[in-house]
Every structure is written in C-alpha cells, then in structure tokens.
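Dropping the structures in below, format is structure tokens.
Presented sequentially are two complexes of chain A, the first with chain B as partner and the second with chain C.
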Partner chain A sequence: MYIRATGNISPQKTFGHQPLVDAVAYTGNRLACIEPDYKEFIDPKLIRRMSRIIRMGVAAAMECLQEADIKVPDAIVTGTAYGCLEDTNSFLSKMVEFNEELLTPTAFIQSTHNTIGAQIGLMLQCNNYNNAFVHRGFSFESALLDGILLLKENDASNVLVGAIDEITNTSHTIINRLGLYKQGEVSNLDVYKTKTKGTIAGEGAAFFLLAAEPSATNYAKLDGLHTFYKPDNIAEVEKQIVSFLNRHSVSMNDIDLIFTGKNGDAVSDKIYDDLAETVFENKETVNYKHLCGEYPTAASFAMWLAAISIKTGQLPAIFDSASNKKINKVLIYNHYLSIHHSLTLLSAC
Partner chain B sequence: MNAPVFVAGTGIISAIGNSVAECLAALENERAGMGQMQNLKSAHSQRLPVAEVKLNNEELAQLTGLPKIKSRTALLSLVAAKEALANAGIENIKDLRTGFISATSVGGMDKTENFFTEFLKDNSKGKLRDVVDHECGSVTELVADALGIKDYITTISTACSSSANAIFLGARLIKNDIVDVVVAGGTDSLTRFTLNGFNTLMIVDEQFCQPFDENRRGLNLGEGAGYVVLVSEKTAATLKNKPNIVLSGYCNANDAYHQTASSPDGIGSYLAMSGALKKAGLQPSDIDYINLHGTGTQNNDIAEGTAIKRLFEPHYPKMSSTKTYTGHTLGACGGIEAAFSILALQHGEIFPNLRLQTPMVELPFVPERKLEKNVEVKHVLSNSFGFGGNCSSLIFSKVEN
Partner chain C sequence: MLDLKEQIIAQLNLQDIKPEDIGDDQPLFVEGLGLDSIDALELIVLLQQQYKIKLSNAEDGPKVFKTVRTMAEYITAHQAQNV
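Our next item is the complex of A and B:
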C-alpha cells in the first residue's frame, strides 16, 4: 500500500507542500504550530465555530485530500492522545467556576475525541467508516494500523489517516508540573546538546491518504508497521527491531536512513544512544523532534518527513545532510516516554 | 481472513449488577438501575436520576486490587475485564498473543474534575495524581497492566459507539493474525463533565427514561463497563467449553449530518445495520432480536426507528432498549449491550423495553414490553450510535459446534 498524499501543519513551514529549507527556531520549551490561512480550506462560517485543534486537523486533512484529488475517502481514521483540550478546558472550567449552572453546550459538543474526524466527515458528507483512536503514544500508530487493515481487508481502496494533538496553556502548565519539559533557557535547535532532564513541547496535525493502488504521484510505499508496549529492557527493543525487519525480509543494510525520536531528554534518549551502538551502528540516523517538539503523536511528523524524503530521494534541505545517496528505504523508530514504541518501514515506489 | 471469531467470555458491571449473572437476574426480573445519585457529587443530584454502579470506589478498589485513588473508569473496567477473562477460561493465555482494546469517552475525567477545583484557584495547586491518568489511554493501560496484557493495546473514543468499534477492531486483529485473543469492550464512569454536557443539550430525562415511547423525554446517564473475550478459531478449539457464539457481522458508518443530532432518516444507522448484515451474509429476516441503541431522546429513537423501518419492513424482529435498565453508559454501552445480546443468544430470551406506555405513532413496530423466554434466538443485532455521526452495528450469531 502507498502514501498518496499528505497534509501537515506543524511548528515548521510544512503546510502548502513547499520545500522544507530553513528550520524555524524557538526559544523556550514550547513549539507552536504555524497556522495557515484557513479560508482556502474551510468555510469561514465554520472556522469561527471551530477551536484551534479542529481547524488545524480539518485544514491538514483537506490539503491532503486536495493533493490526492479525492473528494470523499473510503474511510477517515484519526488519532489523538489528548483530544480537543481547549474545548474540554473551557467546559470544565466554566462548570467548576459556575458550580454546574449557566453552561452552554458548544464547548462540550466539540470536546469529544472524535470531533475532528466527525467534522471532516460532515464537511465532505462522507457516510463511510469513521474511527478515532485515543491511546497516548500509540494514537497515531493505532489509526495507521486501522487504515492498513481496511485496505488489506478490501473494505476500502483509500483511507484518510491523521494525527492531531495540541498544547494549550493549561496542558502546558500541567505537563510542566509533571516534569516532562526542560526548564530555563532552551532552544529547539540545540535540544539534543543539553543532556538534561525534560524535552520541549510540540504539537501538530499530519494527515496521509493511504491508497491500495500504485500511482505516479504516490510518495512512498508503506511496507510495515509494528508497535510494542513497555519493553522490559533495551535487549527487548533490539529484538523487536530485528524481528520486525526479518518479518518484512529486510536487512539493516537495505535501510538508507533511520528517523529516530530523540527529544533531548537524557533518560528518553538513552535508548537511542544504546541502539546507535548496536542495531543502528554505522547507520545514518536523523532526529526530528527539534522541528516538531515532543508530543504523543509526533511519529506522524516523522512519517511525513520519511514520505517527502523518499519522494524526492533526498532529505529536505532543513537537515543539512552531507549524503547524496538516493533514499529508497526508511525506517522510523520512535518511543514515547519509553512506554509506547513504534517501527514504521517505508520505501520508494 | 474469513475465519470466524468466537466469543469465549463476557464480563459486565452496570447499574443492574456487578457481574453477568447479577445483570441477567435483573434483566429477567425487570429491575432497572436508575435512582438518585449516591456516588456522583453534582449540583443536579436532586433533579436528575442516574444509573450508577452500586459500589463506591473503595469497594471497587477492593474488588480489583487497584488503589482506590485511581479513576472510577479504570476500576469499573477492571471488574468487567477480569470477569470476561475468567469466564473465557483460557488456561494457556501466557502462550497466546493477547490484546486489550478498550473504549471510553471520559477516561480519567472523574479525577480531573477534582484536580480542576484546586487548579483553577491556583495553577500550582491540585494533586497531580488526580490528573496523571486524564488521558483515555491511561485508563486502558492501568487495566491492561493489571491483567498482564501487553501484546496489543489501544483505546477507541467515538462517543456512544466507542465500544462497538472496540469489539469489531478486536475481531479484525484476530482475523489479520495480529492476536489470538482479545479482550474488547468499553468503560465509562459518571462524571459531572458528561452529566452537565448532556444537560446543556437538554436531552436528560428528569424521570426514568422511556425509549421508543411517543412521550419520551430524553435519556438517563449511566455508568459501567462491558467486555467480550474474542478468540480465533484455533484458540476456540483448545477451550474446554468450546464457544458457540461468533461475531458474524459488523459495520461502522457515519451519519455526516450534525455533530450531535442524527439525520431524520437515520442514514448512518441504516448504513451501519445494512453493512453489518452484508458482512455476516445475512438477510434482515434472519435477525431474531435487535438490541436497540434506544437512548430515549426524541432524535435518536425516531432516526433509529426510521432506519429500522427502511431496512426490515415488513418483517420486524423483536427489539428492546436495555438502556431502560442501565441508562446510557456512553463509551461502555456497546460493550455492555454486546454482552446482553450474547445473553439473549445463550438463554433464548428477549429482555423487555421497560416503561413503554405509548408506542411511537410514526413507527409501525413496537419493542417488546415483557420478558420472553424459550425463544429461538440465532442472530442478534446490536446498535450503537453516537455524537459525531458515528454509527456502528454488531451481529452475534449462534453456530453449531
């Protein structure tokens, strides 16, 4: 199966299918999405009613469908760890503040985790399969697996799959208190050098049109996906990676590039450092979370990078890569809080 | 990929009982679970009846072994999931690839509500332990870890159709040879967040709900959890009690009409039901019983009823809404009602649609008002429709061993 089209709103200039050249620098531990002019993609009357995450999700989905030249996909599957936080926060705060009186339904209606997929379905008048996954660092991968299975089962010939997560002031404050973010001076471009505790917060909306059939405009072939939960130790991580490649009859030598999910947190990154000395030894690995920040569905940003790299055969200029070797096969390995691990294998069409 | 997926076990906790056996007894004895709020602390406690599970968090914690400070959503989930696994009686589960697919609409919101009371006054206040399991997936992981399941874990949240989608994803994971066994269903606890949300939509009944009644006024919110254990054909063959119920059909469709309201003709409901029949290779006339979504709101019941009329006319199966017992348990209802549908198949019984006084004038059929025993029930259709237009239908069938 193939990735036919993409749409990506992120803290970088990823929307609009322009070459990705200069990295946008951020100071502080919070990277915010660069939002497009939504009017091109969403009816202005609807934009006003939508909260930020819904706008981002719907616009990324629409850009993806436009590129694929598909009006109504056979299925819509979304993944979001946190859901629509702004609406949730708004309803919850008013409920507490006004002691359960004087509430209006709008924020509640838009707070449900399936809102983005539902809004896309509503705008497209799409009566087809519509599902929403909400499992922390597996949210995107679960949605992706659902899409892969629908194609395999011949219940769909194309599937719109996307991941959406937002940071709000409230969630940033709470996650900060939980100790997940770096404190003090920090720049996203230097995040891997810090060797301290914590990471930088990110967010994003990335959509993909998965198609069963080849097409001249496809970005990449999606060869495999595997997730594993709470591995006992680094040896189990290595074993999972090796057996994943074996299952797909691929050797490490065939892999041109590995996207790894380093996020600057000394504890989290140790797994990647260990792998660099074993199964990933002498392989070209590229980190991406200085561009999008860390969030539970960040692997969707990596899949977007992998797709555009395979389509052009080269890493985007934003990476300053010295290698001119054509990129044919890419592995993505990501873990979230050492709990949720995922492997994705893509290759040139 | 067309190999059958068997139901090896079920587990339920709801307002009408803390186990499958207790729920069955209540269903047969027409004992509804609604009443005045005991556990939930809400400003609406005098006005809005709810269908609460009759155990407090401390009692649930004792029953499950989880700490009592954990989300009620997780506590309820673990009770039902444990029962489902015990009921399945799979001895060599450690040697099998096992998945846990849970659905929820609130996740750890019951705890987040407490956190917010302090947090809003001062952003440095509020106990972090009350917000750390806010995410829906966290609740699933608390339960998966307690059950020792780690081969495949995920969480679905498509409002009121969530756990129907979880069950059919479970079946697909088995068909695609990703797992051998899956515990699938859903859980939701009552929270002020959802109670107030539905209250602002003015669809909560101040009396006990009357689904499919001409004078219906709205829904009662409920809570609980319901899971099924699904197994592959190969695993089923190894079990002492070979299962004889299969998940034969399923379909997910979208109404694409409104974020919270169903279309007048119930197109999403129609597509979900007809798609499930197609998947099962069955005709409408093969269905013996429909466990209705039947929330009791004006909108749901006419949309669902109109879709049933279009699909089943002129031969209507027996039908009932068991939400007349459990209230609307949101993300859990597909799991609880799947387990009720399986009870109907196992016991040859049709559970009544309680409190039905005046049948809806627009509809040519009337749900069952009395318990029917010794009925031949071979195929049951279970409907779960929700916000966001998400409509899912499941079909459970009895097979010859």
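Our next item is the complex of A and C:
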C-alpha cells in the first residue's frame, strides 16, 4: 500500500507542504505546535467548539485530504494516547468547581478520544468506517495497522490514518512531576548532548492518506509494520529488528536510512546507542525528536519525515546531511518509555 | 442586556462576535445567530450559573431562548420571584 498524501502540524514549520529548512529552536522542556490559520480549513461556526488539539487534528486531516484530492475517504482511523486533554481538564475542573452540578456539555462531548475522527467524519459527512485507537505508545501504530488491514482485505481503497496528541499545562506539570522531562535550561537542538535523565515534551497531529493502488503522486510505499512490547533485553530488540527485515525479504544493506526515536534521555537512549554498535552499525541513522519532542504518537512524525525523504530522494535540509545517496528504503525504529517498540518499513514507489 | 450578550458570547465561545452584533430581537437559533441544541444546553447552564434560575419546564425553552430580549425578560421575572 501507498502513502498518497500527508498533513502535519508539529513544533516545526511542517504545515503547508513547505520545504523543511531551519529547525525551530525551543528553550525549556516543552515544544509546542506551530498552528496555522484554521479559518482556511474549518468553518468558523465549528471552530468555536473545538479545542486546540481538535483544530490541529482536523486541519492536518483536511490538508492531507486536499493534497490527495479526496473529498470523502473510505475510512477514518485515528490514534491518540492522551485524547483531548484540554477538554477533559476543563470538564473535570468544572465538576470540582461546581460540585458536580451545572456541567457545560461542550467540554464533555469533546473530551472523548474519538472526538477528532468523529469531527472529521461530521465535517465531511462521511458515514464510512470510523475508529479510534487508544493504546498508549502503540496508538498510532494500531491505527496504522487497522488502515493496512482495511486496505489488504479490500474493505477500503483509501484510508485516512492519523495520530494526534497534545501537551497541556496540566499534563505537562503532572508528567514533569513524574520525572519524564529534563530539568533546568535545555534547548531542543542540544537535547542529545545533555546525557542526563529525562526528555523534552512534544505534541503533534500527523495524517496520512493510505491507498491500495499506486499513483504518480504517491510519497512512498508502506512495506511493513511491527510492534513489540517490553522486550527483555537488547538482544531481543535486535532479534525483532532482524526478524522483521527478514519477513519482508530485506537485509540491513538494503536500508538507506534509519530514523531512530532517540529523545535525549540518557536511560532510554541506551537502546539506540547499543543498536548503533550492532545491527545499526555503519548505517546512516537520523534522530528526529529534537524537532517534535517526545509523546506517545511521535512515530507518526517519523513516518511523515520518512515519507517526504523518500518522495524527494533526500533528507530535508533541516538535517544538514552530507550524504548525496538517493533514499529509497527507510526503516523507522521507535520506542516509547522502553515499553512500546515499533518498526516501520517504507520504500520508494 | 449588554451583560447578558457578553455572557452568551463567553459561554458559547462565539468568536469574532461582539455584543453589538447581536440584536435584542434577533432569533438566537437557526436562521438568526445559528445556535443549535448543544448551545441550548449551554444557555440553560448559563441561567443556572449566573442567575441561579433553573428552567423547570423544558417546553418553555424555545420561548425563553428565542431572543436576547426574551431571555432577559425571563431572568428579570424569575429574579423578582426569587427576591
């Protein structure tokens, strides 16, 4: 199956299909999405009920559909770990504030994890298959797998698949307290040099139009997807990677580029460092989380990067790569909190 | 009525609309301001939160929430009753 179109709102200037040239620098442990003028994509009457994450998700989905020139997809599948946190926070806060009485309906209605997929369906008047996956660090991969299965089983000829997660003031405070983020002064551009515990918070909304048939405008071919949970040790991670490639009749020599989910956390990055000395040895590996931050569906940002790299045949200028070798085959390896591990294989059409 | 208009704008998050844009006798629903059933629920909550007025009979809704003026009259009548 093929990635025909994309739409991406992230802490970088990714919206609008502009070339990704300069990295946006952030100071502190939180990256925030750069949002477009939503009025071009969403009816102002609808915008007023949408919180930030809903706007981001809907706008990224609309950009993707516009690029694909598809008005109504055969299916809409979304993945999110946190859901619409701002609305959830608003709803729960009002429950406390008004002693569980006088609750306003909008925040409650919009707080569910399937809100964004549902909003897209409502806006498009699309009554086709619509599903949302909430599986922590596997949320995006689960949505992607569902999209793949729909296409493979001929239940759809095109599927809109997306991942959406936001960081709010409340969730940032709570996760910060749990020790997941770096403390003190930190720049996203230097995050891999810190060698300290913790990472930087991120968020994003990335959508892909997957199609069963090839077309001249496709970005890339989606060859494979695999997830594995809590591997016992690094040897098992290596075994999973090798076995995944073998299943797709690909050797490591065929891979032109590997996107790895390194996030600057000295503890969890050890897995990537170990792999760099074994299965990834002598391969060109690229980190991406200094651009989008860490969040449970960050692998969607990597898939977007992989798709645009394959389409143009080279890494975006933002990576300042010295290699002139045309990129035909890309492997994405990501793990979230060393628990949820995923492998995605893409190639040129 | 200016206060009430401001409260309606805030409660319903009516972006780019100012109190002076809402006519006193302009219909709030459908062809007027374009509000819908979810907004009706928000307006019921607004009455309770701001004026401690509970809409006891749901069938009164269309009459009460017809315009800003009908809302204001309903509030005035019920506040007088509560005194």
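The criterion applied here is as follows: the second predicted complex is superposed on the first by the 349 of 349 C-alpha atoms of A that agree within 3 Å, B and C clash if a C-alpha of one lies under 4 Å from a C-alpha of the other, contacts with A are read in each partner's own complex, and residues count from 1 in each chain.
The rule is simple: contacts are C-beta pairs under 8 Å (C-beta built on N, C-alpha and C of every residue); 3 or more make two chains touch, one makes a residue touch a chain.
Note that the structure is a prediction, hence the values are computed from the model and not measured.
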{"item": "Touched partner set for A:Thr115, first chain B, second chain C, both or neither", "value": "first"}
{"item": "First (chain B), second (chain C), both or neither touched by A:Ile174", "value": "first"}
{"item": "Touched partner set for A:Leu103, first chain B, second chain C, both or neither", "value": "both"}
{"item": "Partner chain in contact with A:Phe133 - chain B first, chain C second, else both or neither", "value": "first"}
{"item": "Which of chain B and chain C A:Ile47 touches, first, second, both or neither", "value": "second"}
{"item": "Touched partner set for A:Lys152, first chain B, second chain C, both or neither", "value": "first"}
{"item": "Chain A residues contacted in one complex by chain B, in the other by chain C", "value": "103-105, 109"}
{"item": "Interface residues, chain C side, partner chain A - complex", "value": "11-16, 34, 38, 41-42, 45, 48-49"}
{"item": "Chain B contact footprint on chain A (complex, rising order)", "value": "76, 81-83, 91-93, 95-97, 99-101, 103-105, 108-115, 117-119, 121-122, 124-136, 138-139, 142, 146, 149, 152-153, 173-174, 177-178, 227-230, 339"}
{"item": "Residues of chain A that touch chain C when the two form their complex", "value": "44-45, 47-49, 98, 102-106, 109"}
{"item": "Chain A-touching residues of chain B, taken from the complex the two chains share", "value": "1, 42-44, 105, 107, 112-113, 116-117, 119-120, 123-124, 128, 131-132, 135-138, 140-141, 144-145, 150-159, 165, 169, 172-173, 175-176, 192-193, 196-197, 199-201, 252-260, 267-268, 271, 386-390"}
